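Reading through the structure tokens given below for one structure.
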């Protein structure tokens, strides 16, 4: 069902992005995510540029960034995203204990988010007073 | 629409939880979230106990925990949760630059999660081989 | 921002549906939901017919039906839907204790749903063997 | 990809929870859900304790509870959760007709929830006046 | 796990809907979606009638309708729905370039929707002034 | 709660984006969305650049693009996004009949998406055979 564009069959625009990803990450090949979105080269290029800019900016360390990405992916229940960002977070130092705590927080937040909306909790004045 | 249980009108089971929250957080009063779910005392007590256990476990530092909570809340679009966990994360040291980067990651993850599912990306063998 | 179509200004197609709702529910006026979707009369009519058919079918009692509706609305975080279906469920006999337990189940399901997806739990053979 | 902790390889903390689940449900083995979250023993224990407390409280009968759980799982599109809670609800008496009506309500609620939010329906005063 | 009702084993109510779908779409058999929901014949009939009414109304052309359906399915991450509505949109003329742009818009909307909610953007007066 | 950055108080990086938006859209001021995300200038710039690239590409006409954006926003239940993209779609020619049909499709897709996932419909071979 899903067409994956391999380097050999890719046009120059796609190859340029693949080369950039491989260089930035020091890997021999790009993940399936990139090969799948390469069916639309402008999306491939824009997504890579945007992701490169968002990740690794300086205020947050790379591990925290990947754990945030994993938390959102877990919330969305995106199986591919959970698998790939679990791997990426582990590569940056996420231990099994950290993963367990991270997923516990995601699940707990899913629970309290529901309670806050189901009970229509009004926002505290102190929170409204912050910017 | 939303009934908020104030300390003065609360029964002993609710007061005990309010006292525990105030002591643990060193605050003079509990937030509206707790006052709203107190209409069902078992939910109040269980939520506080569960949250106390999930947060502050040791492998993740308190700021990272709050940022993960905020990331999930932002993904869910829960207005109350975003407001309260933004305040909590700031209290633990989240700067405006960190908040900006965090929300950029959440939004970017929302985007790439959609692409991964819309293109039905098959999970890479390397990801399947991890536990 | 939202146009609400009052009975007096409504055309015959809309009035016919309003009359049907008022008769079926024995109420003097329809809720804002119907007045809002009446800007597109085919949606008003189709939604009322579909809802009439789905609710009150015989295998499930009216209170259970409304509680299921409320559970989905709470999961979606739809403020209007939570408010209106809380009222409807109360009118059919939902006590405050039942509401508290219902919302606790919704929130708990939100939590375990996240864990099931985050840990990519494979479906048990016994579940696959059911129809 | 997913590590499942079998009883034989489990430590005492995990075994104690497995034993409690098997005793409470009178089953020879626990489902994959528990074996998967057992990679993080505190999550296993807390989830079981929380679920035990939420389910079977007295105001709602066990079948209604399971149907509410199934409704939320269907709304979330969690394949594992749908499979396991369909089985659990059937074990408590959900007939095929009841399942059909339940899923029709979930789907219909998904539809009207979207309409209520898309048309930005203001909450009726009568709903605001309830607690 | 999923029971699919084939024409041969179907009762008259289900056969009538299958016949209507095959006639309307000029196809030799119905898709799995219809065979699955046919386990609850009232849902089969109601869904087909409702869908027939919603699609092909006159103000929107059939291709635009299918692309809107695909956009929602992609947002929901419903794998079956993405696959079936991609096929349907292609049959109505969606080119690969159009698909690429559609999915880019869906993903981009997912991103800006998160930003709008995370930053709690107040609605502009000009938008409030429209109906 | 939400800080909106007005042109007068904005730094040069923010002003440059505001100027670009005003020029591209021929409007005297930017919407609140831009003023809110301007608290993090890199997000403001990146979002504008990305949105400019995604919208108006050639294969899809501007009205279809805005209707797709509105469909996703309606699915997400993002009140701000629904309001702003309704206005934008109207400015590009969306009639009230088109809006009514669009929202009916979104709501109907929300319903059938739930049925497809709740019944765990297997993807038809014909859909798997497409790219």
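Just so it is clear, A, B, C, D, E and F label the chains in written order, and each chain counts residues from 1 on its own.
Here, a residue touches a chain if its C-beta (ideal position, glycine included) is under 8 Å from a C-beta of that chain, and two chains touch if they have at least 3 such contacts.
Because the structure is predicted, anything quoted here is derived from the model rather than measured.
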Which pair, E-F or A-C, has more C-beta contacts? E-F
Centre-to-centre on C-alpha atoms, which chain is most distant from subunit D? F
Look at both sides of the subunit D and subunit E contact and report whether the same residue positions are involved, with over half shared, or different ones. different
For subunit B and subunit E, what's the span in angstrom between their mean Cα positions? 34
Averaging C-alpha coordinates per chain, one finds the centres of subunit A and subunit F separated by a number of Å equal to 21
Averaged-CA centre spacing for the pair subunit C and subunit B, given as whole angstrom: 27
What parts of subunit C, by residue number, touch at least two of the other chains? 1-2, 39, 42-43, 46, 50, 54, 57, 75-79, 83, 97, 100-101, 103-104, 106-108, 110-113, 115, 117, 119-120, 123, 127-128, 130
Line, ring, star, complete or other: which describes how these chains touch one another? complete
Touching residues (chain side subunit A, partner subunit D) in the complex: 77, 83, 96-97, 99-101, 103-104, 107
Can you check the complex and tell me which residues of subunit A touch subunit F? 1-3, 39, 42, 46, 50, 53-54, 57, 123, 127-131
Along subunit B, where are the residues that touch subunit C in the complex? 1, 39-40, 42-43, 46, 76-78
Residue ranges of subunit B touching subunit E (in the complex, touch as defined): 74-75, 77, 79, 82-83, 103, 106-108, 110-115, 117-120
Any idea which subunit E residues touch subunit F in the complex? 1-2, 4, 31-33, 36-37, 39, 43, 47, 50-51, 54-55, 57-60, 64-65, 67-69, 71-73, 75-76, 78-81, 83-84, 86-87, 90, 95, 97-98, 100-102, 104-106, 108-113, 115-117, 119-124, 126-128, 130
